[in-house]
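Okay, got some structures for you below.
One chain, chain A, links the two complexes that follow: it is found with chain B in the first and with chain C in the second.
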Partner chain A sequence: MNSAQIEIQLIASLVAIACAIPGTFLVLRKMAMISDAISHSILPGIVIGFFITQDLNSPLLILLAAFTGIITVVLVEYIQKTGLVKEDTAIGLVFPALFSIGVILIAKNANDVHLDVDAVLLGELAFAPFDRLFIGGTDVGPKSLWIIGSILITTIGLLLAFFKELKLSTFDKGLAASLGFSPAIIHYGLMSVASVTTVGAFDAVGAILVVALMIAPAATAYLLTTDLKKMLGLAIGFGVLSAISGYWFAHWLDASIAGSITTMLGFIFLIVFLFAPSKGIIAVMYREKQQRTEVSLLTFLLHLKNHTEERERHVNHLQEHINWQKVRAKTVLDLALKNNMIVFNKNIVSLTEKGDTFTSKAIDYIITNEDAQIEDMKEDFFLFRG
Partner chain B sequence: MKEQSQNKETPTYSGVLAVKVDDLTVAYNYKPVLWDIDLEIPEGVLMAIVGPNGAGKSTLIKSILGILKPIAGSVSIYGKPYDKQRKLVAYVPQKGSVDWDFPTTALDVVMMGTYGSLGWIKRPKQKEKKAALEALEKVGMLAFKSRQISQLSGGQQQRIFLARALVQNASIYFMDEPFQGVDATTEIAIINILKELRKAGKTVIVVHHDLQTVPEYFDWVTFLNVKKIATGPVKDIFNDDNLTKTYGINYKVSIQE
Partner chain C sequence: MDITEYIKLVFTDYTLRTITLGTAILGAVTGMLGSFAVLRKQSLLGDAISHAALPGIAIAFLITGAKDTNTLLIGALVSGLIGTFWIRGIITKTHLKSDTALGLILSLFFGFGMLLLTFIQKQPNANQAGLDKYLFGQAATLVESDVWLMAIVTGVCLLVLLLFWKEFKILLFDADYTKTLGFNTRFIDVLITSFIVLAIVLGLQTVGVVLMSAMLLAPAAAARQWTNSLSTMVFLAAIFGAFSGVFGTAISASQNNLSTGPVIVLVAAVFVVFSFIFSPSRGLLFKQIRFIKNRRDLELHKTLAFMYHIAETHENISHPHAIKLLNNFQGFTKKTLQKLVEKNYATIDGSMWSLTDLGFETAANLYTKQSTEDE
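Here is the complex of A and B:
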């Protein structure tokens, strides 16, 4: 690896971390769309900032553009508050309007502005190492690295300071308000961080990748944990993993880095969506199947318990009586046998002592729904999980 | 109205006002849903707020707590505006007002009750955790402390929110329908905790829908339907006349058997 390659991966990873942090809260607040809106509507801010500063990396430009992001949020909320349209409609009204102002400004001043819309939307990570920062004549590294690095440090500082407030106001706005943690301040704080991150990152990675890096890792992490801190950690991990694997994928294909990172984000999400241990669709399907079998098992055991007559407990009779297909009946019988709940005696099935206790306990649970019982039984039995 | 036999432990009131609401008018989108409410709640009462769906009960509580901004009127808690008295007040919201799929555990939710006394930036420590565990114990939910909250039943969720209010260690408790969707055992467990709070001199204000149990559970009642219909001791004002005025239909209290 040469130093440019390392720098590109470093920038991509820092952007991923800086995006995953506000992204986690945006996902939990069901505001994924607003980050899309911000990423587009900062365009006029960038153009105007560029007229003033003539430097795409100037901090003033970043602040101006981030301010456009905040204006977007305010406008969306204002339109929504009129009660005439819903939030998604309000977002759909605001950001194309602001974005098109940016496009027109660029077109009108094409001669003075070395900026094109594609570059804003897609960015070009591969060029990031060439725009370097010199302090007193010494090369201290790529400018984007410094910009995104400072944004990341600020974000982490804010996260550490206000984690509790963010968590509370995201989970329960009402309680936050009544305890004196103004949800509005926290909301606009989060929006400001999202806006500044978007602007700071767009030059290197483009507005679209910024959105993907905010939403996809957080959405992936959400499927894997029920702990907010772990969700943040996982989101950061997935972001960095996509950034680095995406870089090498692009290298191998000789394709756009931003595009490859986005592909990786989508790919990782898909894998987790399928295979996540408790929320993944395969796990859900497996659990449903398992539960069906267990309900059948219980029905079967109950039947045995309720009927002392041998006629009712003959293997053949069971099949026609309980009216199951062969396969199903066999699965249930096997499961019961495996757990030592039944014994066969000349084709007559009877409950073992264990099977008998288990059945009584299960009935008890179903009738009384006592919490204490469910806690023990969860260990043995899928049925009572979740 | 027939003689009532409720409230064996007749509470003693100090005569101090815990909450005072003056000329409160609250509107959503300029449509007033509470008109000109005057309300005085003495310290130490266990009070029910009753009224039909949409009467503005939740709105009244949210306005007292500063969650909603009234278009007119004022609220004071022990003589001072709410902003200055936050730490004296705890609130259990109506069910369904939070995101149940939020990645957080029962213990974590209860800990949130301690955030108010911590203030900005400071993080909960061992002491807060201990208080939260004690509150969980009190509502009989200690075994569930590590459960993600969506994996709790409705009644269990309600208990968690009660525990969260308990750790706030407040003087005034507002609860919006704490008995909604809970079974008889949980209801009794909750009301016992509320009575204990009253015994400790706290003021407890509960939005309540089950009119049958008002005389048994509460000593004070406020009838609300957009306007305040009546407020006072249950034994004096919980009668057919006020119920009819509040619910519109001809209401008969045929329940004291």
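Here is the complex of A and C:
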């Protein structure tokens, strides 16, 4: 590993952390698509800023571009407030229009502007170490490292200072407003941080990767925990992990680093999406199947309780009466037997004492319909789950 | 180049004719299907799908090694559909919200697509150049067979739309009711979504991955402002879309260095802004005018009521009072006073006013019954 490689990985990791922090809040506030809109609509800001400063790394350009990001948010909110279209349509209308303006501005001034739309959207991390910052003639490192580093420090500072306010306004807007925290300030503050991060990172990693780095780690973390601090930590972890593994993957394939980091993010998300302990697809499907069997069991027990006459409880009759397929009926009967809810006596099924109590309580539950109760009840009665 | 000359050129010049026709058809079909996307609150789905189509293009190229438009578009279609159904899976099976799912799939697929594109660029295959036109689109690369493909797909879309019109409409406005009526909502849903994906994929070559969502949304959002009927909206959206295509092509053709995609999007955006402002029933301008009118109306009523309370204290209701008396009251303006005279509710004599019988009666009934006549 040479120093350029270390620097690239360092920049990528810092970008990942800087994106994961606002990204977590965007995902929790259901505003993930806003980050996509911002990442596109900063283009005209960057172009105009470039006309003025002639330097892609100047702080003025970053502020100007970030300002376009804020304008996007304001415009979207204004259009939404008129009630003419829904919020998502408003987002979908604003950013392509602004992006088009940016593309046209570049195309019309192609001769004077050494700026490429591809570069804005995709970035080129591999070149980042070559653009170095000199202070008093000494080389102090790549420019983008300094830019993203200062953005990250500001973001962390703001996060520590306003963590309580952010947390409150994210989960209970009404309470936050009534306690005197202006929702508007927090909202636009978050939007500003997201814009500045997007602009600061686009040069290194491109606008699209910024979106991926904001949303994907946070979404992945959200599938694993519901604790805000843990979620932030996990999101940062996933971001850095995919930044570094993505770099080496790109190195091996000799392809775009930004694309490769995104692919790693996607890979991690897919794994978590499938295998997350309680919210992954497999866990959800397993739980659904379990609940289906248990509901069937309950129906079966209720039927037994309702009919004291032996004819109704004969195995053959039950088969036609409830009309379950054989496999399903077997699962339910096995479950009932295992849990000591029923007994067989010459092909007549009857409830045990325990089965009887359970069924009575279950009826109570069905009448009052308190969601929490049935799970407790299952805990109390079941030796084996469905 | 003046307009007549340009129109003549459209009919004679092969390239210009192909592009104009292509963008017009594209605008029409996306406008048509976009109406459904907008009304189903799936506006951003188009954005996600168009980005998600990118890896499909790259993979199709990697497999076939040729740059045949149709195979690439099939790849885009497959990957767009995978993206769409994954989004749906995320929304229904986990607690992640739709915006997160959309942003996630959009950026992840696009990033993966970029990885493949850069990987392809390093391959020793002379064919690989020009794949990146799918990023921003290049209308200039349209050839006649592409336009035929678009026309055929549009025809199929139209046919399916007419065939399943009733089902689409009812699913759009009352999904639960549709289910109780026994329609296979899942099938209708998949059908309409697949056609939206198809329309997006068709546009990739012309407008590109990044701007395709605007083609879907803008005509529909503009059309929505002019009507409350679905059929009119779909028709209008198709017209707006087609005109965006034609005008956009014309503007970009008449200038140097203007790529067609962004210009078409901006023309469509102009349609949207115009509709937002000038639509008679929903537009901002007329809304504001109605608002001012209502306020004036209210002020007129307030003045009349105030006059009534003064006149009430006199035996003769037509007893003149000084206009000055009204001055300490906010609702009074010269115009409203004039209007009262016009309506024969009051008479003015120099600096004095007096209520007429009609005015007195109207004022007395002002708050007891609703006035049927407006104004």
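As a convention for this text, the second predicted complex is superposed on the first by the 287 of 386 C-alpha atoms of A that agree within 3 Å, B and C clash if a C-alpha of one lies under 4 Å from a C-alpha of the other, contacts with A are read in each partner's own complex, and residues count from 1 in each chain.
The rule we apply is simple: contacts are C-beta pairs under 8 Å (C-beta built on N, C-alpha and C of every residue); 3 or more make two chains touch, one makes a residue touch a chain.
These figures come from a predicted structure and were not determined experimentally.
**Student:** Clash or fit: how do chain B and chain C relate after the overlay on chain A?
**Tutor:** After superposition on chain A, which the two structures share, chain B sits beside chain C with no clash.
**Student:** Would you check which partner chain A:107 touches, where first means chain B only, second means chain C only, and both and neither mean what they say?
**Tutor:** second
**Student:** So, does A:341 touch the first partner chain B, the second partner chain C, both, or neither?
**Tutor:** neither
**Student:** When both complexes are superposed, which of chain B and chain C contacts more residues belonging to chain A?
**Tutor:** C
**Student:** Between chain B (first) and chain C (second), which does A:362 come into contact with in this model arrangement: first, second, both, or neither?
**Tutor:** The answer is neither, since A:362 touches no partner chain.
**Student:** Contact-wise, after the overlay, does A:204 reach chain B, chain C, both or neither (first, second, both, neither)?
**Tutor:** Neither partner.
**Student:** Determine, under the contact definition given at the top, whether A:145 touches first (chain B), second (chain C), both, or neither.
**Tutor:** Neither partner.
**Student:** Could you look at A:174 and tell me whether it touches chain B, chain C, both or neither (first, second, both, neither)?
**Tutor:** first
**Student:** Examine A:265 and indicate which partner it touches, taking first as chain B and second as chain C; both and neither are also allowed.
**Tutor:** So A:265 only meets chain C here.
**Student:** Looking at the overlay, what does A:228 touch: chain B (first), chain C (second), both, or neither?
**Tutor:** In the superposed model, A:228 contacts chain B only, not chain C.
**Student:** Taking the superposed arrangement, what is the smallest distance in Å from a C-alpha atom of chain B to one of chain C?
**Tutor:** Once the two complexes are overlaid, chain B and chain C approach no closer than 7 Å between C-alpha atoms.
**Student:** Return the residues of chain A at which the contacts from chain B and from chain C coincide.
**Tutor:** The answer is residues 222 of chain A.
**Student:** Can you list the chain C residues touching chain A in their complex?
**Tutor:** 38, 41-44, 46-47, 51, 89-90, 93-97, 99-104, 106-119, 122, 132, 135-136, 210-211, 213-214, 216-218, 221, 224-225, 257-259, 261-263, 265-266, 269, 272, 276, 282, 284
**Student:** If we count contacts the way the header does, which residues on chain A are in touch with chain C in the complex?
**Tutor:** Listed in rising order, the residues are 27, 30-33, 35-36, 40, 79, 82, 84-86, 88-89, 91-93, 96-97, 99-101, 103-104, 107-108, 110, 117-118, 121-122, 208-209, 211-212, 214-216, 218-219, 222-223, 250, 253-256, 258-263, 265-266, 269, 273, 279-281, 284-285.
**Student:** Quick check on the complex: what are the chain A residues that touch chain B?
**Tutor:** Its residues touching chain B are 28, 83, 161-165, 167-168, 170-172, 174-175, 177-181, 222, 225-228, 230-231, 371-372, 375, 386.
**Student:** Can you list the chain B residues touching chain A in their complex?
**Tutor:** Answer in residue numbers: 29, 62, 65-67, 83, 86, 89, 91, 93, 97-99, 102-105, 108-109, 112, 115-116, 118-121, 123-124, 143-144, 148, 151, 156, 164.
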